[in-house]
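Heads up, the next two complexes both have subunit A, just with different partners, subunit B and then subunit C.
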Partner chain A sequence: MSSPNSGNVGIVIVSHSSKIAEGAADMVRQMVGHAVPLAWTGGDVDGGLGTNVAGILEAIETAWSPAGVAILVDLGGAETNSEMAVEMLPEDRRARVVVCNAPVVEGAVIAATEASGGSSLAAVKRSAEEFYA
Partner chain B sequence: MTLDRTTRERLVRAMAEAVIAHADELTGLDQAIGDGDHGVNMKRGFEAVLATLPGLANKPIAEMLKTIGTTLVMKVGGASGPLVGTFFMELGKALPENPVRADLVVATDKAINAVKARGRSDAGQKTLLDVLVPVQAVLAEGGNAEAIAAEAERAADRTIPMLAIRGRASFLGERSIGHMDPGSRSVSLLIGAAVTTLEREANS
Partner chain C sequence: MHDANASRATETMAPLTASAILVNEVGLHARPSVKLTQSAKRFAAAIELALAPDGPWTDAKSPVKVMRVKAPKGATLHFRVTGADGEAALAAMLALVNDGFGEA
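Let's look at the complex of A and B:
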């Protein structure tokens, strides 16, 4: 995980599989380089398939940007755990993190591309979700 | 109802041990219609809760429930961690220190609504809400411990013919029919352990 300082919206990738999360992050890096803060997390706390709130909170911290953070998730638990993580953030950060309703790989690439141009959090989320629609 | 320190400790221990003892059964249910990790996940979460005893029982009831909720959220994973964790956290927020039944009725209603919001779900979709909602109704109607525990068991059984609308089992469509919802079973175990312990303490 790495996140250079950037004013752009950050991207967090959450998958049940750390390999999928890491692979999706690789694809994002290939597309947009280091223009956006990026972090990924995958697996349960024992390293098996699953998602965990602590890992998601850490990823949000890593990809934090004053412009906000867009989270891309795969299956149900990833979404539920991500929403839980957002609620557990300090109040001043809560409104600046969104979970996108988009496929994790395609959504992450499109969201990051949009973010790399300096778009707002709302625009980043919209782009990721429009792809799915 | 006075929940002294000893009662609180017994209550938490009974709930955790009920889930841990049935971990294999829960995993078996989840293997049929989910991803097969429910038993392991719940066991990990409640082992973490057990590890915070006996200190946990020194906390006021609200703090104790919130700590249980947070521990489950952080340790269980899956969708169950946030759902069951939210229930305990919200219950903690809503309960006064020495709750009477009316307080419990109000607090469980609030906690159930929070679970509905977290899962964007409602009763009838083959989830833990199919146990929480009817059991809460028995509590509100004045049912005793036996009636509450019996309804929890029956409600979990009633998820067997249901079609899953939310959660991983919903991917299976009609193949989700004929299996008990693992989350419903977990919650029925927790409720059974809780009311049995409280009843025993009240009569002792």
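Let's look at the complex of A and C:
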């Protein structure tokens, strides 16, 4: 789930389904490698489909990097809960976490690819969002 | 990152070009695209690729753009490289393609 620390932007995957989140993380690890901090979270607190703010906060903590963290989400609640989690972060970290407007699986792979080259948080977000451009 | 240096080099150096044939089964799909862009990002040089010698050229450091090229197996991949470390960059690109991205 996590990775050794590095100066690269971290990636967090948030899906309503823990299987999707875990599977997307598997794809990132296999395709991009271990050069980026990576964490995933999925499901509500009872283990059903959904997302929960505590799980997202924990994932941000796991994937934390001084360069920031890019979050990839699937539908509605994943996005609003991720935004809520970002608001709950300490102020000095809040500005270094972004939710990307990108498809969760493709966006995660692309964001991680960009991050693995040492790109900035803004560049990582921009690259992931090229999917909708 | 290193844009200032790269663009200065762009002004003063002629681009290097070379081509290689895609030998791996899936062509330039997701996984090879990721490998190619990761390798390209290690160089300061501007690296572009195309399916024809006269373009249209695609930024080899952009994973989304490289995947959109959808180059199939057997396609000839043309590279155009500009910058101080262009020679090494070109060699790295050709080696990746010739090696089938390690999965041929």
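Just so we're on the same page, the second predicted complex is superposed on the first by the 133 of 133 C-alpha atoms of A that agree within 3 Å, B and C clash if a C-alpha of one lies under 4 Å from a C-alpha of the other, contacts with A are read in each partner's own complex, and residues count from 1 in each chain.
To be clear about the criterion, contacts are C-beta pairs under 8 Å (C-beta built on N, C-alpha and C of every residue); 3 or more make two chains touch, one makes a residue touch a chain.
Worth saying up front: this structure is predicted, and the values here are computed from it rather than measured.
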- Can A:77 be said to touch subunit B (first), subunit C (second), both, or neither? first
- subunit B versus subunit C as contact partner of A:117, first or second or both or neither: second
- Item | Partner chain(s) touched by A:7 [first = subunit B, second = subunit C, both, neither] | neither
- Who does A:131 touch here: subunit B (first), subunit C (second), both, or neither? second
- Task: Would you mind writing out the residues of subunit A in touch with subunit C in their complex?
- Result: 31-33, 109-110, 113-114, 116-120, 127, 130-131
- Query: Okay, in this complex, where on subunit A does subunit B touch?
  - Reply: 44-46, 48-54, 75-77, 80-81, 83-84, 88
- Query: How about subunit B: which of its residues touch subunit A in the complex?
  - Reply: 35, 37, 40-41, 44, 73-75, 77-83, 85-86, 118-119, 166-168
- Item | subunit A-touching residues of subunit C, taken from the complex the two chains share | 1, 30-31, 34, 37-38, 41-42, 61-65
